[in-house]
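Worksheet: one structure, shown below.
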Amino acid sequence: MNTLHTLSRQQLELGAQVIIGYTPGSNGTSGTSRPPKPFFAQSPEEVEQLIFDDTCHYNLAVYLTKKEVTALGKRVLFATLPTLRSIIRLAVEHQVNEGDVAVIVRANDTEYALLNTLAEMETFLNGRTPAMSQEDREQLDALLAMNQEERWAFWKEAFETCIRCYACRQACPLCYCATCAATANQPQWIPVAQHALGNTEWHLMRAMHLAGRCITCGQCGEACPMGLPVHLLAFYLAETVQHEYGAASGLTLTETTPMSVYKPEDTTNFIR
Amino acid sequence: MPILVKLLQRTSYNSLIEKLLDEFQVYAPVKKGKQVLYERIRAVHDMETDYLLPVLSAKSLVFPPVETLFTFERKKEGVDVLPVAVENLPERVLLGVRPCDARGIAILRQTFAQEPVDAIFEARFNKTILIGLSCATADEACFCGNRAGDTTGSDILLTQVSNGDYLAEIITEKGQRLVERHADLFETPTELPDKAAFVATVRGLDNVENLPALLKAAFDSKVFDQQSLACIGCGTCTYVCPVCSCFDMQDETQGSKGRRVRCWDSCGFSCFTVHTSGHNPRETQGQRWRQRVMHKFSYLPESNHTFGCVGCGRCIRSCPVKLDISQLINQIAHV
Amino acid sequence: MCSSTNTYVPYSMRLQKITQEAPGVKTFRLEFIDPADAARFSFKTGQFAEYSVFGEGESTFCIASPHTRTGYVECTFRQAGRVTTALSGLEEGDVVGFRGPYGNTFPIDDWKGKNLVFVAGGIALPPMRSVIWSCIDNRADYKNITIVYGAKTVDDLVYKHELDEWEQREDINLHLTVDPGGSTPDWKGRVGFVPTILAEVAPSSENTIAIVCGPPIMIKNTMPVLKQLGFSEEHIFTTLENRMKCGIGKCGRCNIGSTYVCKDGPVFTAAQLAQLPNEF
Amino acid sequence: MEPFEPKIIAFVCNWCTYAGADLAGTSRLKYASNVKIIRFPCTGRIDFMLLQKAFANGADGIIVSGCHPNDCHYTSGNYHARRRWTIYKSLLDFTGIDTSRIAFTWVSAAEGSKWADLVNTTVETIRQLGPYTDMQELIGQSTHEPQ
């Protein structure tokens, strides 16, 4: 494990202001049964508390556009594969520039590697894109097998249960707008009140604003305190955009944004 | 503290619920997907019994996420305004309320009952009977400080004893009236089981008394910025909290008809205090995190002589980035 | 109709008169539709209210009319957000909701027998105007009244006709100014930022109360001038503007430290402000 | 009980479909009056949320129409709209919102009769489907608390 710590300490010495990684989750004084949580190490002593193993999957790229963190200066991020895809996507959307962030990745089960440039991150990624988890695949297929009434019943109950805490938005690295359309009130696009209609309109808009951008890290679903599978909305659109326009996002620095471009020869089967 | 103590057999509890279902809207913990929530039940078996704590607190019954304040209709010559008819609000009984939730409602009420009295909250509160259930177990997130059998806020508090029966402490007149209406189901045993043996022991915050002063002293320290670096600024901790009562007021219209609603809001959101001019007294997440800590552990103790936290641990369990307020408070106190 | 039970239901008021004060700035004169409300209603200068456009929401402004004049209230606002835009679209005769009066007051009874110095900037004159007229209506109670009021440009000065009225009165010395570059060819007043003009006017702090209102930058530069002139913090009053929704200390939004601006304010002395944590 | 008269909202682009509807008028073509037309500079300007807002304010059916691909007055507005409608329709299908109530079409300035037929067939289809009760239930739930 010490190569993680030596690598991190070196980065601090080389001028990185903060190592954004994970530390064991703990509740109160008793146990460490909780999953690992994000940790900001800014000194050699704090580096000792860093871990990076199979249990760490929170997407730390969300901190790359948080002004309190960018204010710290050069950052080094522990990057899982979804985190890497998020960084590539953020670079394509001009939110992260070359040199803003370096990453430490898990080359294999024991070794760690430092990637300084976006190009290195891009090459590290190819051939390593993880497929959807089995549980998500099954739940998505189950939904696709339903008819319209059953799907409406499923999502209506979810939108009735949603408390609009916006954890799904805040956990997403690609939801970085200074003023979210849901917060703007001229016009009040999305009702502020957390009733079923307002929640439905919120989740429709969120999914559409991620279409062609979402890198399917699933953090929105994991952040939801009510356990709603909101990530499936974004996953389904990611699959649909890839099927329709042949582009998975967050893989290459030269990729386009499918929903902002077009091809005259795009086809559809429902516009008469 | 309780007016009187009775014994309620397990079977009698079920028949009590049957009877309550005829008289009241009955709410209880219910399993919904992966979560347990206080929801309305139509039969005894709807009630979940294997749960530690519902993900949302019981505050939803007296301070719901969305609540109509009044309705209005815009007409040529003016606007007809119709206050919500609080007398039509339903009478409700909430079963299986955890002591921390009941205590949370009592703390909430201090804010809403201050002058000018919030008539809608008071009406909902007066029409709600809380039948609590002591906690036999706790998890690492709980930190109520050995108040797993606290009667504050409950009208009746049940504690399950060894043979599955319940020790019933009747706390308020509301509780007493209910017991009298169903006196046949309650027994007055000669000697009562020792309640403490059936109630979980739970950690608490250390040196609680001088927390308000310690936190005030740390107001300008960098610890709040440091601790909140990981905070992503969502509203989860405030919405799952039994004591958070911040709300927004919004108008919603359908054609010429509309209503003004009160709905949950969070001091964690970046736009909570922003002025229309763009000036924001709490510009950074560190200032917002400080407000959450100071309000619960310094301002409320000062103004309402009670902490704004019941130690239920929900914010620890639900926080997407696993911030642990019990740990962070201790850290701030030692700055 | 403001039902005594439901504290969130506003009075319904008729919009009697609209005055265009400056670009984007209007003054509304509101009268109660229900005479019973008018009879029941009273307020003290310094208090604020929540003004509603039903279907859009509420906005927080001070009551800009003096409490010495009953039967109506006035407010002055700039069109900036969703509700003020809706308010700006209203015509005379429309219905406006009014919830209040809320908050504490300027203690003008304690100021009897003292000199008064009013220092205001831009759109912050309305709360001062309420105090000024309340004092003028009992002019004999007060000694000298000095007013230093400035705005970005001549056009931005509000209550222009009242400024002329105050100018003609012998018992008020009015000093108007516009920011450098904001004057017009026929502008007879001074040119310069309010704090500089205040330093030039240099009113004596002997037995004098100072009331200051303006954008944060103006407050920051005015306080040292007042201190230099010998004003103690207990004798400097101001009124704060925070984001508000309920106005009655329940929605948890407008606090600075443990002080709620809506219930414990909005009027504070500089001494009280000094005790508050710097979070406003 | 008189027949159900569906409320249809039509989002149309100014240069083609609106002109087509105009042509239907000048050609004295008869079509159902259930439709309320909202004119947009281009289909590229039709935000997907507007369709949801139409449903949320009581529409039973929606028509969205603009210039045929390659005819757009602004060259690419309809190309963007095509991608947006494709993805939005699949999202609505996925969540169970009834997309058989939405007619996506291209109607040129010369197709007055196509517009008239489009409106008539859409009104008939929605009349068969009946009021959009799923959405009205959602609205009802969200305009007052359950007592």
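Annotations
When the chains are written out, they are named A, B, C and D in that same order, and each has its own residue count from 1.
FYI, contacts are C-beta pairs under 8 Å (C-beta built on N, C-alpha and C of every residue); 3 or more make two chains touch, one makes a residue touch a chain.
Since the structure is predicted, the reported quantities are computational estimates derived from the model, not experimental observations.
Interface comparison, B-D versus A-D: the higher count of C-beta contacts falls to A-D. Remark: subunit B and subunit D have CA centroids separated by 45 Å (rounded to whole angstrom).
Measuring from the averaged C-alpha position of subunit A to that of subunit D gives a distance of 35 Å.
Work out the mean CA point of subunit C and of subunit D, and you get 50 Å between them.
Centre to centre, using the average C-alpha position, subunit B and subunit C are separated by 39 Å. The set of subunit D residues that touch two or more partner chains comprises 139, 142.
For subunit A, residues that reach two or more other chains under the stated contact definition are 188, 191, 193, 195. Across the assembly, subunit C contributes 81 as residues in contact with two or more other chains.
A complete list of chain pairs in contact reads A-B, A-C, A-D, B-C, B-D. Those residues of subunit D whose C-beta lies close enough to touch subunit B in the complex are 57-58, 139, 142-145, 147.
Contacts from subunit B toward subunit D in the complex involve residues 64, 66-68, 71, 88-90, 252, 254-255, 259.
Here subunit A touches subunit B in the complex through residues 25-31, 33-35, 37-40, 58, 62-63, 66-69, 161, 163-167, 169-171, 179, 183, 188, 191-195, 219, 222-223, 225-228, going by the rule given at the top. Those residues of subunit A whose C-beta lies close enough to touch subunit D in the complex are 143-144, 146, 148-156, 160, 189, 191, 193, 195-198, 200-201, 203-205, 207-208, 211-212, 233, 236-237, 240-241, 244-245, 258-259, 262-264, 266, 268, 270-272.
Listed in rising order, the residues of subunit B touching subunit C in the complex are 69-70, 72, 74, 78-79, 81, 83-84, 86, 111-112, 114, 116-120, 219-220, 245-251, 253, 258, 260, 262, 265, 267, 272-277, 279, 281-282, 287, 291, 294-295, 298-299, 302-303.
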